[in-house]
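In the two complexes that follow, subunit A is the common piece, with subunit B as its partner first and subunit C second.
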Partner chain A sequence: MGDAVLTQFFSGFSLVAILIIAALGLAVIFGVAGVINMAHGEFIMVGAYVASVVQSGLGGNTFWSIPICFVAVGLLGLVVERTVIRGLYDRPLETLLATWGVSLILIVVIKMIFGTELHYVGSPEMLQGGFPAPGNLPFPWYRLFLILLSILLLIATFVLFFRTKFGLAVRAVRRNRSMSEAMGINTARVDMLIFAYGSGLAGVAGAVLAPIKTVSPTMGFPYAVDSFMVLVLGGVGNLMGVPVGAAIIGEGETILAFLFNSVIGKLLVFLLIVLVIRIVPRGIFGYQERTLGHRR
Partner chain B sequence: MLEIDKINTFYGTSHILHDLSLTIPDGAMISVLGRNGVGKSTLLRSIIGLNPPRRGSITFNGRDLTRMSGHRRARLGVGYVPQGREIIADMTVSQNLEVAMFAKGMRSTKVPDFVYDLFPMIKPLMNRRGGVLSGGQQQQVAIARALVQEPDVLLLDEPTEGLQPSVVEEIDQIIRRIHAERNCSILLVEQNLFFVREVTEQFAIMENGQIVVSGDIAQLTDDLVAAHLSV
Partner chain C sequence: MTTASAELGRARFTLRREPMFPLWSIFGVAAVVAILATYPLYGTEYVMNLLGMFVCFSIFALSISLIWGFAGILSLGQAIYFGMGAYFIALSLKLSYAAENPTRYGGTIPDYMEWNGLTEVPAIMAPLMHIEVAIVCLLFFPTLLAFIFGVITFKRHIYGVYCAVITLAEALILQEFIIEYQAYTGGFNGITDYETYNNMYFLWVILAVAVLLFGTSRLLTHSRIGTVLKSVRDNDVRAEFNGYEVANYRIFVFCFASMMAAIAGGLYAAWMGIVSHLDTGPILSIEGVIWAAVGGRATVIGPFIGTFLVKGAEFFLSQQLAWAWQLVMGLLFIFVVKFMPEGIMGTIGKSIAMGRQRRAYAESQDAYQSGPMAVVARLRAAFTDGNRGFMDNLLGRSGRRD
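Let's turn to the complex of A and B:
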């Protein structure tokens, strides 16, 4: 039993890593632009389809599909921001509905292009197999790759925000939008670029999910739900909220699903989140001084 | 030269500025006076673009600002020190200055020496977070933030509001020096008449979103003050 739980604990790393990548995108978009993107899960799904095209059409593997999906879904995000979200920034409810509409459209369009049959994407040959680990099963190379990739993207995002002048401007916008505009920062452009960057991260999440999940038009939804929960639990005041929230939710769901079943697992994790936000309403790494309606 | 021609500015449906006109020639220092709520801050917000006017026009060095977005106005040389200072609390003083220079599109974001000369208190505070500074220190950082952008016109909104008398004196000295040494015109919203009379050349008194009297500072008589400014 102990060995089996340990095996589950290791296998939970995959979900944790994917949640870090997916929730990071959601977090930067929400944290900077103040938009809750209901289409984030479908952006992940589009990323997975792009990955399947990269593999079947272009003969590339996951190493290729990661940058290609980042750019492709980033551009999709850019188009959505320019056309749908741009006029709705002051209206959170309308933004929710509009991005939900985008998610429905994406599902329909993908069904039209690819049909409803499932697509399978393989993982790169050098990442197949694994190495011995405590517990019952070997530790797959692909899982190690996911962990390293999620750490790399966390660091890259940290460097972008905290070690570049552009990041300094983004943080100024995040803290004081009107003063930033009055200082000369093109705040609309910052929103657009951040939306594209966060969407690109969703694309990467799709690219790395494709080899381990069946690719289908509705595959993104559960990951979007989990990513939202990561933000609620971890908070968006600090980039650390993402890995901490992802670790608790990813491991919690994996281990509890093994001990009970996946529905009870999700329920228990959900209860845990409710308990935590009773104590810290803005999440573990919440932003205390700032409220949602930051546009004046 | 900044020319404001019959602007009308609204918050939603409430009409705040009514056909307001004002010209600030190059190098001039003009004070805007008026009781609380007459629309002084709204005038500055209209100029910088946070509250663009719905009618009328704002021209700056021959360019029409009226419909221009806020960030482009700052890049053209309009410097803004808002009421309440609004420096970024969780960034350091040096980051607050750097981001202003980056926003202006300046290649170097090294803080120029004149800043340390005008604001000697800033140097030891460079690595402190904006939020931990005193009101007077924040005000100096807010003015420095506008000045590092080398503006052609500086909009100052009640820079001494809520500060202790000794600190007010310090800020007044700095504004005096900016007027004498920096090559920019100044539009100053200020309640302190003593200071206004001493340093500004021209005044404009606002009431109900309009300028009701304006002229050379010598014409700012006690009768005018009693009629338009006493509470």
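Let's turn to the complex of A and C:
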């Protein structure tokens, strides 16, 4: 029993990694620009389709599709930001609805281009197979790759935020938008680039998800909801909220799904999240805003 | 005798109070209800089915507009309560249907339970066989769930985006729950094949409930509570500083709206004869949000108009091109949010209110130009209005020298 739980604990790491990759882009967008991107799941889906095109059309594997998806979906995010979200920044709930509209449109467009049948994307040859791990099951190389990639993306985002001049502007905008505008930061540009960066991360998530999930037009929505729960639990005040929230949700769901079943697991994790935000309403790493204005 | 100044004071400083039920609205509602209620006499059965369904969905959209448009809580899981009500009624009808009509294998339990290996109705569900018990459950349990949810979140000032996300996840989990426990809920296929109430008399029941809930909502939103709710929506911090327990108002309206959604769901189940996991999920919740938004979320009549327009268009369009509908829906979302955030009725109401204001202003200007107040006003303007010269103000000249 204990051994089996340990096995589940290790296999839960891959879910944690997926959640980190999926939620990181959302956290960046929500944390800085204050936009609720309901189309995030569909951005992941578009990334997965781009990966399938890279594989079938260009013959490249996942290592190729990661940068290509980052750029392609990042550009898509840029377009969405310029056309839909611009002008809605002071109305976060409205961005939620508008981006939901974007997600519907993306699903239709993808259906029109690729049809409704499922697409399969293979994982790179050198990542096939696994190595022995504690417990009975071998640990697949691809999962290790996912975990390493999630850590890498976290580090990259930390470096972007804390070691570059752009990151300084981003953090300033997040703390106090009007003040940073007064200091000469082009906040509209920061919003735009951050939205593109977050969308690009969604594209990366799609690229690495494609080999382990079936690629279909409606695959994205559950990931979007899970990513939102990561943000609610972890908080967006600090980037550390993403890995911590993802770890609790991912491990909790995997182990509880093993002990009971997947629905009970999700329900218990949901109750845990509600309990946690009952105690810390802004999430584990959320910060309390010092203004008393209209809370969002 | 009323002096001009008293007249003026009334015009300028008394808040114009809308009558709770203006005469024209009573006539309008009566006319629409009469058309819908007599439709089965001369119309087709297909359209009658749609009409009953639209009215149920309108009540659901009204519940969303109450919490979103009037109290500022965006719930993306309102279909939870709709679905709960629908499942209570569907289960009840199914149980009593099964008791009278044995299945192919001779069982007196619902067929889907038999397929999933149950031999008798679970003890916890058995009392639902009586429709009275189901109706009491329909009124009680969704409200209780809404109350618990409200106490947990609103008391801790969790609303806005966080509330939307949590309710969305809640709806998704309930949906998966229903699919997973198919022995009790009918699973993916839902509950169907029971005695449906799909005739003119039940259409009258639906309409009566709709009118009742419409009137209650109008009463609620135009009473003192409604005024407080709007202030909570517009600036909750300021409402709190004014001494209102903001969370309690939110919990109250959330419970009321959830009960309303459950009633809509119960009517829907009895009318349609099929209930499935789709009726509890996030998709229906968000569709309800768009119905309310299109019609006008801060109005009581808006949800009805929005639902009939959007849902009607959906049935019309999806017959021609199924995929086009989703595209139209997506574009509609973006259009409404970006260009018409008040919705149809909200925009109309706003323009009427602005016209009224403009007229009142023009009248007050007239009073300034002729009545005894004119001298006082000109004198005051002469000393305070810096845009025109002293004499210009006193003599009422435009003051423009060109």
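In the analysis below, the second predicted complex is superposed on the first by the 289 of 296 C-alpha atoms of A that agree within 3 Å, B and C clash if a C-alpha of one lies under 4 Å from a C-alpha of the other, contacts with A are read in each partner's own complex, and residues count from 1 in each chain.
In this section, contacts are C-beta pairs under 8 Å (C-beta built on N, C-alpha and C of every residue); 3 or more make two chains touch, one makes a residue touch a chain.
Here the structure is a predicted model, which means the values were calculated and not measured.
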Exercise for review: Classify the contacts of A:Ala169 with the two partner chains as first (subunit B alone), second (subunit C alone), both, or neither.
Suggested key: first
Practice item. Report for A:Ile185: first if it touches subunit B alone, second if subunit C alone, otherwise both or neither. Key: first
Point to revise | More subunit A residues in contact [subunit B versus subunit C] | key: C
Review point. Regarding the shared-chain residue A:Ile107, is it in contact with subunit B (first), subunit C (second), both, or neither?
Key: second
Point to revise | Residues on subunit B engaged by subunit A in the complex (per definition of touch) | key: 48-50, 69-72, 74-75, 80, 82, 86, 88-91, 95, 98-100, 102-105, 109, 145, 149
**Study point:** Interface residues, subunit A side, partner subunit C - complex
**Key:** 30, 36, 84, 87-88, 91-94, 96-98, 100-105, 107-108, 111-112, 221-222, 225, 228-229, 231-232, 261-263, 266-267, 270, 273-274, 277-278, 281, 292-296
Point to revise | Contact set on subunit A toward subunit B in their complex | key: 165, 168-169, 171-172, 175-176, 178-188, 289
Review point. Contact residues on subunit C for subunit A in the complex?
Key: 74, 152-153, 156-162, 164-166, 168-170, 172-173, 176-177, 180-181, 235-237, 282, 286, 289-290, 293, 323, 326-327, 329-334, 336-338, 341
